[in-house]
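Labels for the chains are A, B, C and D, by order of writing; each one numbers its residues from 1.
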Amino acid sequence: MILDKYPAVLQAVPGGKILLTTTDDFINLGRKYSIWPLTFGLACCAIEMMAAYASRFDFDRLGVIPRPSPRQADLMIIAGTFVKKMAAPVREIYHQMPEPRFVIAMGSCANCGGPFHDAYSVVKGVDKVIPVDVYIPGCPPRPEALIYGVMELQKKIMRMKLAKGGGATLQAEKGSRDPAGGA
Amino acid sequence: MMPRSWPTEVWKDPWSLPRYRAGALWLGGILFGIVLISAVVGELCVWGEKLFAFLSHLGLSVVVVDWIWVLVKLGCVIGLIVANGLWAVWWERKISAHMQSRLGPMYAGGFHGWAQTILDTVKLLLKEDITPASADKVLHALAPVVAIAPCVIAFAPVLFGKELAAAKLDIGVLYIFAFAGISVIGIVMAGWASGNKYSLLGGLRAAAQIVSYELPRGFSVVPIIMFAGSLDLAVIDQAQAGYWFGFFPRWFIFYPVAGQLSFLFFLIASVAETNRTPFDIPEAESELVAGFHTEFSGMKWSLFFLTEYGYVMLASFLLAVFFFGGGAAPLPFLRFIPSWIWMMGKAMLMMFVFLWFRWTFPRLRVDQLMEFNWKFLLPWCFVNIAVAGLILAWGMR
Amino acid sequence: MSINPMNSTPIRSETSGLKTDTLFLNMGPQHPSTHGVLRLGLTISGEVIVEAMPDIGYLHRGVEKLLETRTYAQGVVLADRLDYCSAMSNDLAFCLSVEKLLGAQVPKRAQVLRVIMAELNRIASHLIFFGTYGIDIGAFTPFLYAFREREMVLDLFEMCCGARLTYNYIRPGGVASDINADWIARCREFLDFFKPRLDEYDTLLSFNPIFLVRTQTVGIITPKTAVAWGLSGPNLRASGVNYDVRQAEPYCGYEQYDFTVALGKTGSCWDRYFCRVVEMRQSVRIVEQALSRLASGEIMAKLPKVLRLPAGEAYSHIEASRGDLGVYIVSDGGLAPYRLHFRAPCFINLAILQEILVGKKVADVIAVLGSLDIVLGEVDR
Amino acid sequence: MTREKVLSDILAQVPGASAAAAPVKDYPTVRLSQPSDLPTAARLLKDELGFDYLEMVTAVDWLGPTKTEGFLPAVTPIPFAAKAPALPVTPAAGPDIAYRPVLDLLWSFGNLKTHLKVFLRLEVSREKPEVPSLTGLFPAADWQERETFDLFGVRFSGHPNLTKILTPDFLQGHPLLKDYVHQPDEFDAD
């Protein structure tokens, strides 16, 4: 793909780095203001996620609109308790999303199991199955917290660089990750 | 304002807030600005004639000049469709947001999220393009193109102002309907090639729906064609020039009974043709995930979106030409305003109606949709043609 | 415009001699309108459902096991998170059964507060239903209107207990915190604001012709079927069965309030929808009455800090937003319940899906499923 | 019809039925002596006494206190303290209930006209818990019996589709049994 070769070529050209930075900024700006999450909620936090889309909090201000199909989504918000039976579908949905893709773990359950951490059927944190970019604490986090989480993700996106291979190929399979610096 | 700091201020009358009025003014201003820009562009089109003359004087062969000229026009139409996609999506998001007591995009680009769709496009261009493992690779790649190409072609005879069109065709109406119907092949291809059952259902639904609604769409404008006596859009436009009693525009929508019914039927059929709510069953978000474009990502997917908005614009222009006098001014003393402005303004108004529908109505079920078409819309279209005949017989012209 | 949606018959393959095959359609667990993580295995012939098999458990958190290792005060936290749309009702059901086994007397004021909170929560919960059902049928705007009003209810909850969704407000013995005059004034303000909005909803969605066509003749559940499958709440009452725990076995002094139970006629999706809309009106009435009879007094019974229930068993049930929510509690005299079982109305309401979906269209699946108003947290527990 | 009347009717017509020694508080509770009595009792309740609403099917494992091995913590009022301090009250003064290795099944039937409720109880052995299914009489029993099977391992003979319903397929054992100890799987590793 052109995008993969483009940074290497530019870095060799004198003054190309400035051009590269500008391109980075432009591309990142596009990604930053166009984070489309999957309409996908697991439990209680999903209601707060719905509230964040709705009138008072209005996620659309940040350009965040839900997409029902993982193929058109950039972000997966794991909103709610992540149980073992759900692990396989979530992993599959994550792989169906096109790169660059991001994951927000919303709420204590998705972070570490939350109040259900000692249950026999709950995965203690979604980062045991898929990589996570932003963790939002709370049980459930308020919509403001979710919006703050998305803003943190925007900051992360602005640090992404074409040259490092960030954005195009992020192959982390689990754990927490920084999109700016690979896994 | 409330004495206490209630977290949600409950306004009995939002118009009493200066902020609210200012916002509405701004939005109105933006719409007006767009119309104005289009007006300037329209005026610049006069230079097109000069360009053509210049090209012919260069001493190139006629064939080459023709080719260059066609390419220029094609570029204009594609540019228009893309610009319309960018504009309409932003406009729709803003309109829907304000209908739903939200704000819509606010941050992208600074002022009221004006750059929202541009940045969306940047992102979509750089998204990974996925072809599912179970997909038919060739058809999957071809489908968006097959969907959008007829849309571009159909724009050839569309009137953007008085006698301003990419091509002057005597059978313009027929031509547009013929090509607009081809896009469904792209949609069915998309549904079939995705290797996804939801897509398949969406594609099948689209095939049934679009083919069925072709009929009432075509028959609903027969009265207009009878009134104008021609299939040429320019002639239809001209037929509505002038005023009754010196002030009442002779637009076809004001022709008694037949005009209004025809408008209604054409509007409904156009909404169904463009797959928008309440007839958006091929992509029915709550049932079929995303319908025929479930498995499309990145730019392939946005081509489908572009097609949808392209057809919305096509339908808006057709509505303006057929029923609202095209480039004619609503009142005689407003005739100094160029026809492009009236045309664009009317088309934008019609586009607003499309958006309005989308955010107000629930969705019909597939069999109800068919029943509505075959048992209600189509018979009444025929009745309407008879009514138009009676009107003509009584010398309405 | 008159459309009869029922006279569409599936294509018969025997008559044509062509061989047709059924298609297995997997709906969920990630699907925009399965209201969470429900999975439906649909066998379809064209667009007609031949067999529907709901598959649940994608949110099974083992709450009943966890509660065996939680003290009663800690148990409220988990009860909150079952039916997260109406957490107050869960708290109430849990606390009522604990109090029943304990034999504790709840102060008058706490009882009225419980009624106020439960009914406000019912409004908030039905608003979620109203909004999401609109989305299911394809109208997006009602969702945003409903959430606008719901936010105001949540503001009220936030003022009295600090949480928006999972309140931990109703505790064994009473309620956690008192309300003040300001809260009452705002609550009245909200009720006055809300009543005309309900009429607006009727204009926007309830009597929209397309909505009527989509729901009025779809998913009909006869009273006999409804009782046999153990439906409860608005789903049961929409079929015309007058069973409301608030009147059948009054708790928290519901017998003193004047309200009518919304009853449907045909048991169609629209009836189930409209029962909930009417219930919102009734809840407004109940809250108004409760506000006027709020007398000063204690809000918490005198109970030890660490509860220890006497050995025995108790069952108490309430009319939660989604139906008859029962809590069966067994104590062996220890710090935690020996066994605790929730009679989850959503779980039992959902089971009927496999029967009523057969013969419907794919689009009806969403209409029927949405009208049952399930919350997966309670289905899977 | 009163509670007493219902209770006496059932006791009179179902062989081996007796009023439960430890009833569910405030409700008539009948204890059946053997599984084969269950359909008789259910049919009597449904057809003759008007209890056509099956409210609840569940079970209690009377083996003893919940095993807190694995990662289930012991009960404490202060769960997040690093070292649980001494309880402010004296610990449980021995069980008040006779623990015994049985599964105590519970059915609750409602009468929607008289608003009465009656509980049926039946003890089965933990080794081979098997009772007749009520799905034929009450469709509502379908999922609730599956749930009881999934969480307790009670086999309902005659159930058309007795499979796991809540727990994931790879989970071994029946979690609500008191001696269930969770075996760590791939998701429990740190």
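Miscellaneous remarks
Basically, contacts are C-beta pairs under 8 Å (C-beta built on N, C-alpha and C of every residue); 3 or more make two chains touch, one makes a residue touch a chain.
Quick caveat, the model's predicted, so the values are computed rather than measured.
Ranked by how far their CA centres sit from the centre of chain C, the chains are topped by B. The chain pair A-C and the chain pair A-D differ in C-beta contact count, and the higher one is A-C. Chain centres here are Cα means. That of chain B falls 62 Å from that of chain D.
For the pair chain A and chain C, the distance between mean C-alpha positions equals 32 Å. Distance between chain A and chain D, defined via averaged C-alpha coordinates, is recorded as 43 Å.
Separating the centre of chain C from that of chain D, both taken as means of CA atoms, is a distance of 24 Å. For chain B, the set of residues touching two or more other chains reads 8, 100-102, 285, 289. Shared interface positions of chain D, defined as residues touching 2 or more other chains, are 72-73, 166-168, 175, 180.
Touching two or more other chains at once are residues 54-56, 68, 83, 85, 118, 120-121 of chain A. Inter-chain contacts occur between A-B, A-C, A-D, B-C, C-D. The touching residues of chain D, counted against chain A in their complex, run 70-73, 166-171, 175, 180, 182, 185, 187-189. By the touch criterion given at the top, residues 29-32, 36-37, 57-63, 65-66, 69, 77-78, 81, 84-85, 128, 131-132, 143-145, 147-148, 150-151, 154, 164-166, 376-377, 380 of chain C touch chain A in their complex. If you check the complex, the residues on chain C that touch chain D are 56-57, 60, 62, 64-66, 68-71, 73-74, 100-101, 227-230, 241, 243, 248-249, 304-306, 308, 310-315, 317, 324, 326, 328, 330, 332-336, 338-339, 341, 343, 347-348, 350-352, 355, 380-381. Those residues of chain B that touch chain A in the shared complex are 8, 93, 97, 100-109, 113, 115-116, 119-124, 126-130, 285, 289-290, 293-298, 301.
Across the interface of their complex, chain C is touched by residues 38-44, 46-48, 50-51, 54-56, 68, 70, 80-81, 83, 85-86, 89-90, 93, 115-116, 118-122, 139-140, 142 of chain A.
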